[in-house]
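Can you keep this structure in mind? I'll have questions shortly.
Every chain is named by a letter (A, B, C, D and E) in the order it is written, and numbering of its residues begins at 1.
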Amino acid sequence: MSNVVPENTDAAVIMRDVDKWYDSYHALTAINLTVARGEKIVVCGPSGSGKSTLIRCINQLETIRSGTITVDGIELTNGGENVDKIRREVGMVFQQFNLFPHMTVLENCMLAPIKVRGVSKAEAEQTARRYLERVRIPEQADKYPAQLSGGQQQRVAIARALCMNPKIMLFDEPTSALDPEMVNEVLDTMIDLASEGMTMLVVTHEMGFARKVADRVIFMDKGEIVEMGEPESFFSNPQNERTKTFLGQIAH
Amino acid sequence: MSNVVPENTDAAVIMRDVDKWYDSYHALTAINLTVARGEKIVVCGPSGSGKSTLIRCINQLETIRSGTITVDGIELTNGGENVDKIRREVGMVFQQFNLFPHMTVLENCMLAPIKVRGVSKAEAEQTARRYLERVRIPEQADKYPAQLSGGQQQRVAIARALCMNPKIMLFDEPTSALDPEMVNEVLDTMIDLASEGMTMLVVTHEMGFARKVADRVIFMDKGEIVEMGEPESFFSNPQNERTKTFLGQIAH
Amino acid sequence: MFRSFGPNEALYIITAVQWTLLLSAIAFAGGAVGGMAIALARVSAIKTLRYAALSFIRVFQGTPLLMQLFLVYFGLSIMGVGINLWVAAAAALTLHASAYLGEIWRGCIEAVPAGQSEASYALGLKYGDRMRYVVLPQAAKISVAPTVGFLVQLIKATSLTSIIGFVELTRAGQIINNATFQPLTVFSLVAAVYFVLCWPLSMWARHLESRFAVATAR
Amino acid sequence: AAQSVEEIQQRGTVNVGLLVDFPPFGILDQSGNPDGYDADVARLLAEDLGVELNLVPVTGPNRIPYLLSNQVDILVASLGITPERDEQVDFSQPYAGIEIFVFGDANLEVTGPEGLSGQNIAVARASTQDTAITEIAPSDANIQRFDDDASAVQALLSGQTPLMGASNVVIAQINTMAPDRFDTKFSLRQQSQGIAVRPGSDELLGYINEFLGRVKADGQLNALHEEWVGGPLPEFVAETE
Amino acid sequence: MGYQFNFAPVFNNFDQLLYGALITVQLSFGAILIGLLIAVPCAAAKTAGPAPLRWLVSLYIEVIRNTPFLIQIFFIYFSLPALGIRFDPNTAALVALAVNVGAYATEIVRAGIESINRGQIEAGKALGLKGHQIFRYIIIKPALRTIYPALTSQFIYLMLNSSVVSAISATDLAAAGNNIQSTTFAAFEVYLVITAMYLVLSLGFSGLFSAIGRKAFSYPLAR
């Protein structure tokens, strides 16, 4: 696993001068970010500011044009074989859940461990049931996603990602497709997870969650990291004009 | 203004014991309503209470099972030829605008006068331009609906209906598909129209509009007219329990 | 030498339906394999593969099956591959079916939401597992109706093998017609047999389509 | 590629192309197998070669391509011997013969090529009739070419064309089918039919010629002709050596 | 393997092929035009007509869609004369093609009509337009726009299918090829060239149709 490991050998994620383009659109500009192991980071910012793009670059759902990304000590080069290694260590939860509709909840959770990690069926099932328990829906194991509420589906998605025993979890607006009454059940699950020491990068506008859980809050605008700080100072005393305006809007 | 006016030959609309069924669903029950010429009526009530059904019966977009409807002195019998006469006198504006996407704004406004009233093209165009002026979008005449904002589209829909010189205008939630910043431009147009003496039946939850314009407000629930009164007393002192609850909700 | 049209003749035509069915089955089986390859190539990440598949489709959807039959039949043997009627008919029909099924199935694969693939990537699934366990099962469900619809087209297309002399349903009809000179009877019977084969499939396809429309409407 | 007797005998089967829609020379029997005069001649030949016979149904227009593209070894497919075809394939001595006529609607007065003016005439594409009529017909005659003889007959019977180019054999059949509706207008040519092999297959052709000589001499061929066509071999066929 | 390609016979007779291609184009366009004239009223009848008419249209569609075109053309050319209906080969081909494409197009156009939002029809009614006016001025154009791609592929399929009409001695491109092939025996070369010509035709057709589509349906669509 030895790779070019720059300064902080122990960081979970290191992004250095990352630039991302969609054809002629400059989506991320000179991103520098180091995430320590066990750290919880909340990313916020206006729509289109590049939040999703940022976290999707980390497990290379998007390929970057320049810069380097190092995840768990492994440097990620575009399309290389390291991608597979890294994806095994990074779990991701999407806004739209993206559960596999033709598989039961249990099957959703067992697929990747069996096919990617090569664990036995019995072991995969055991792990899956354990994590379903942890997100508090063990009794839904044999249902299909369409039979669950949005909040339940998102918790399955979290369990599915956890079944791979990832070192880092990425969340892209995990609660914004949910009806208000289901937001909290998902946030609670995430708070549990945070308290157990998982490294987390979370795109969200749930500021209550950020205050409670985040070690750092990052504010993005127009593809740049505009401000970054501990939640206390970030919310009470933002430095940047755009941050102020934005926080003013979402406070309503 | 004159209220419950039974044998008023000069009324714009008279509905007597109207019952409407969708197959086995009883959508309107024993509706009695007389609308005087020049009167403005606002209809409100919870979703599914039959508001749309009520005003759609007036120009026979829905056929009633029993009762009679008289519009502008013409009695409307199901499917009879009077339907054509009546539709010429009644203009309607829908929630979803329903502009014809393949015709320019001007063509949308000219179609019915030419095909139904048989006026010349030149005259139809003149009328169309006059009403487009009145709804304050004369400069959009040659655009297609898809090139306009929602508020502009709805104003075209109003102009289109006016081009037939209707005696009565029906509005079915004309602003509820609009972004908030466009609601007022449409309401203003309707207020103009009201001030010019048009007979209007408006389904809406814009209570500001109701207070300003309505001669009477009708509250419907479960297919019945539950309460009816002048806006002042209706809002300040509703008699019926359901009305109270409803007004409480939308006041928020 | 002239016969009149009797039960024997009718039976001759009706039994020829087995060749029509066999040809359809071969074409469908071949087309399924080829079509899957074409569909996968069309959605592949490799540009050359995508363009190759697209050219294949352009050619085989842009030229008449009749010409494809002639070309394969005379062409392959000219190139020294001694082939018989069966091989030629099967090859041409397979190419034809591959092009159409490939396009149909590509559409179905692309109809599977992109989020499904992204979730698979994020879980570390490789191309093969992603296709096999996530994308294709979902695409398969969407594809049933248009595939059954295409099967009808394929059954009818086998009638063209009669032009290179293959004795299936249509050719049997022609032969009986040549012996009996009762075209009205003969071709009505042939048409009726095709109808009996195809109509239930058409109805089934339509049924599946409407069921799917209802399922997606929610 | 040229074909040799040895190659065929080694393989143990001979692939013979024949028509199945050209009664009485090539037909399908009740159970759908090729039959007719050509089929019986082919059987006789295969027996003589001491090999299995594989009859391959071919169609009129595609007969020669079948042969040239190695689909079949030999054509016993009622192929009329013409100079143009002789350039493509090698013909044996005649094994059958027909006379071809312009034939058609009894009410129509046609005595020679000029009578074809302005008329629709059905022929089988690339048949001897096609060639012959194309040669003599005035420019305003409309020759309609069908894929096979039967379709042309069909066009005549269904009234789509008033005239067709047809052999004596076909004419006899049409007359039994629809007596008095049609009559023979004028003769186009006498046509010998030969067995065809790929060019350069001289040794095979020699064998076939020798075989035909034998079966003509011992009356076997004549017997088959009697059986299928209902008369002896025409003079111009029987004589040829 | 040792086969001598000889394209001379093909190019010596190229004028025949061009003439055949012209007939193919004429047949196709004629059939498309007539087919549309069949399809639009049939689709209207099937969506809004009286029951017996709907039933009749369904019968027409199902019979045509579930039998091979080759059989249909045999039927029209060889069988209809028995009922006293007689066409020359090219006319029979045109009739067969038009009847065939008419059935497919009916189904496509019907789907287009059904895709039109009910609100459009209600707006027409509310303005006092009559049923046929609503169909003519409000429904048909947006309906055709929706189904234009499907219609286009059906038309190209029809053009390719027209190669079958040589079986009844029509004089289209395939027939020209068959004629040359049967006198020159350069079967492979002839079919190769013809196939290429069909490919050019189908590419030309799709180019032409999309140009027509851009012109006819130039109004913008809602986002």
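What we mean here is this: contacts are C-beta pairs under 8 Å (C-beta built on N, C-alpha and C of every residue); 3 or more make two chains touch, one makes a residue touch a chain.
Computed from a prediction, not measured in an experiment: that's the story for all the values here.
Excluding subunit C, the assembly's touch network divides into A | B, D, E. The minimum number of touch steps separating subunit A from subunit B is 3.
Simply put, of C-D and C-E, more C-beta pairs touch at C-E. Across the assembly, the mean Cα position most removed from that of subunit B is the one of D. Rounded to whole angstrom units, the spacing between the C-alpha centres of subunit D and subunit E is 38.
Averaging C-alpha coordinates per chain places the centre of subunit B 46 Å away from that of subunit E.
Taking the mean of the C-alpha atoms as each chain's centre, subunit B and subunit C sit 55 Å apart. Averaging Cα coordinates per chain places subunit A and subunit D 81 Å apart. Shared interface positions of subunit B, i.e. residues touching 2 or more other chains, are not present. Along subunit C, residues 74, 78, 163, 174, 177, 183 each make contact with two or more other chains. Each of residues 2, 78-79, 82, 167, 187-188 in subunit E touches at least two other chains.
Pairs of chains that satisfy the touch definition comprise A-C, B-E, C-D, C-E, D-E. Considering their complex, residues 59, 61, 84, 87-88, 90-92, 94, 96, 98-102, 111-112, 115-116, 157, 160-161, 164, 170 of subunit A touch subunit C.
Residues 113, 115-116, 118-119, 121-126, 129, 133-134, 137-138, 141 of subunit C are the ones touching subunit A in the complex. Within the complex formed with subunit D, the residues of subunit C that make contact are 1-2, 8, 12, 15-16, 74, 77-78, 82, 84-85, 163-165, 167, 172, 174-175, 177-179, 181, 183.
For subunit E in complex with subunit C, the residues that touch the partner chain are 1-3, 62-63, 65-72, 74-75, 78-79, 82-83, 156, 160-161, 163-164, 167, 174, 187-188, 191-192, 194-195, 198-199, 202-203.
Residues 58-59, 61-68, 70-71, 74-75, 78-80, 152, 156-157, 159-160, 162-163, 170, 173-174, 177, 183-184, 187-188, 190-191, 194-195, 197-199, 202 of subunit C are the ones that touch subunit E when the two sit in their complex.
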